[in-house]
Every structure is written in structure tokens, then in C-alpha cells.
Amino acid sequence: MQGGEFSISTSRRMDLIDITPQISQALLATGAGDGLCFIYNPHTTAGLTINEGADPAVRDDILAVFKQIIPQDYPYKHLEGNSPAHIMSSLMGSSVTVIVENDLLRLGTWQKIYFCEFDGPRTRKVLWRIS
Amino acid sequence: MQGGEFSISTSRRMDLIDITPQISQALLATGAGDGLCFIYNPHTTAGLTINEGADPAVRDDILAVFKQIIPQDYPYKHLEGNSPAHIMSSLMGSSVTVIVENDLLRLGTWQKIYFCEFDGPRTRKVLWRIS
Amino acid sequence: MQGGEFSISTSRRMDLIDITPQISQALLATGAGDGLCFIYNPHTTAGLTINEGADPAVRDDILAVFKQIIPQDYPYKHLEGNSPAHIMSSLMGSSVTVIVENDLLRLGTWQKIYFCEFDGPRTRKVLWRIS
């Protein structure tokens, strides 16, 4: 099974970082052909999602509403102060999968793949596999 | 990799549309055998989910609570008026995967596969692959 | 396609149950090698997620906030009283996929795989496949 991993550095507490370029480049370098590209986040205070890439305001709106929905002042039992980030991690999910055709991601017109940082800034890893 | 795509027309702003018949028919026509069926939504204001199919009230309840959880009047930065749909898209996710046995979906007793329209009515595409 | 299923008994209305040991054991017994492990929940009032395993308080916080976000007193149309569980099921999702290397799950340092019971106590099934 072909695949690899790469690191990204996040610079804010919460951020949606477009990792489509790294994935696209890896697929071309691998000669991935046709199949499915599985992308995995090994962290418990981060996630992955696919959403609009044209207007950066969409990313801001997603993060703003996540912050509003998940209470920050709740009497959390986990004492590290990042329970909201753990909850957001489960809401987004730990992986996304995208169709690959001729070494290229077959995303929809407006779709980009985002790494979701919910407890940064940190250095994070992203794993991917072709099947 | 075997697969295909089909279109659906949604008729309301928000709707959960049972696409199990289209997927089941495609698997039989393909002679999919045993494996996994990956189903992908290429749109950023829609999603896919698996939930109960027996009582249509479950679908109504899911949509009603999504509308209540995601604020409609928030000062969104994205000016197209559909930021709630983008957020719901990420909450549901862009794909679902189901086990296939003898050309048939192995869903649980009450499960159906739903296309989630959050910014309709529109014509939408669904992509699927067998692995 | 290699795979199998197992049952778990849940003992509370809502619970996150670590099923990593069952999956790990199944992979070793199968000689799964390298690939992807797909894990599927066939129930509509339960889900699957990957989150922190070190501090049990994280699980309590996730469930507490889910209960707070999804209204319990809403005028739900579905009359079985478990609409919140159906909604939580879609928020978590019906499956997770994890990378397998040398018969072992390649989870992140703090990650465990959780079965999410939202309408227990019940006996539940978990299906898994290697691809």
C-alpha cells in the first residue's frame, strides 16, 4: 500500500489549513493512478474536513460557530483546558477519503481538504494512503 | 476500480434524501461482489449520513435540530447567506462507506443512506466506488 | 476481503466504550499485514469515534457537551423518545478507518477507538474489514 506522511506547523489556537497542495503533490510524486486517497489525522485535538476553498470567510465562519456551539466555560472534568478541542475533533472526524483519477484528486469544484487545528499552535502530522 | 455517479434533484432548502435505492441498483448492475462501497458528495453545502429509514420523523428531527444548533442570524463573514449550510456539511461529512456482500449493501436493519441537502433546491451529484 | 464482527454490551444510556483491544486482537489473529482497517457501526442510535484514551474525563466531557448541545425537551416528531440519539449518531458518523502496519493499528499516541452508545443499555454489533 502506497502512502506517506508530512508535517504542518499551525500558528493559531484554532485554524483550518488547506492541505490540498501537499496531498496533490504526493499523489503526483507517487504515480497514484486511480483509486481512493485516505487521509488520517493522528491527533485528538485536531480533525480533517472538506469544505469550500474559494472564500476564506467560510473557514472563519466554521470556526466562529464551532466556538459558539461548544461551551468554553463549561465545568469540564478534563483539567488540561482543551476539552472543547477534543469535542471538536470528534465532530469533524479523524479522516477524509477522496477519489483519485490519473494521479489527481477528484474534488468538487469548490472543495479543498482542511486540517482542523483546535488546540494550537503546534506541529502536527498528516498520514495518507492510496488504496 | 469500479464505480460511477448519478444526479439527484432536491426540492427543498434542507432535506435528507434516501439514496439507498440508487446505490443498491448500481451495485447489482456492476456485479460488485464483496468489498466496500465508498460514496462521495462533491458539494460544500451538502453532506452524506447513515440513519434510520423506518420513520420519516427522524429525518425531520435531525434537520430541525441542525437548524436550531447552527445559528441563522449570526454575523457571518461569508456573504452568500449559506454559511450554516457549509457548517452542516462539515458536521455530516463528505463521504460514507458501507460493507458490500454478494453485490448487496450490508446496512443495519434500520439504516438507510441519506444525501443531506442544506442549501437547495439544486441538482446534485453523488459519486461511488467499489474497493 | 478479510474481516469479522463482534458484540459489546453497553451498561448505560450514553457511554463511550474503548473497542481498541477487540480490533487489535482481531488484526493479530487475522494476520492483517499492512492496509486499512474499516470499522462499521450498523446501529442508528450509536456511532464510532477516535479520541483520547489517557484521561477518562475526556469521554465524560464529550458526552456531557453532546447532551447539552442536543436538546432533550424539544418537540420531537419521532415518538420513541430517542431522537437525540439519532442526531448524535449522525454527528459522530457510522464508521472510522485506521491505518494498519505489521498487523497493528497505527493510531496516534493518545488515540483510542470508541463505540458511542447514545441509547443504551443494549447489546451492539461492530463490523470490521481489512482492505
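Here are a few things to note about the model shown:
A, B and C label the chains in the order they appear, each numbered from 1.
Operating definition for what follows: a residue touches a chain if its C-beta (ideal position, glycine included) is under 8 Å from a C-beta of that chain, and two chains touch if they have at least 3 such contacts.
Just so it is clear, the model here is predicted, and its values are computed rather than measured.
Counting steps between touching chains, the shortest path from subunit A to subunit C takes 1. Bringing subunit A onto subunit B by least-squares fit of CA atoms involves turning it by 120°, to the nearest 5. The geometric centre of subunit B is 20 Å away from that of subunit C, both derived from CA atoms. Among the residues of subunit C, those touching two or more other chains are numbered 69, 91, 93, 97, 131.
Interface residues of subunit A, counted against subunit B in their complex, comprise 34-36, 49-52, 55, 57-58, 60-62, 64-66, 68-69, 91-93, 96-99, 106-111, 131.
Only residues 1, 3, 38, 40-44, 69-71, 74, 76-80, 83, 86-87, 89-91, 93-95, 97, 125, 127, 129, 131 of subunit C touch subunit B when the two sit together in their complex.
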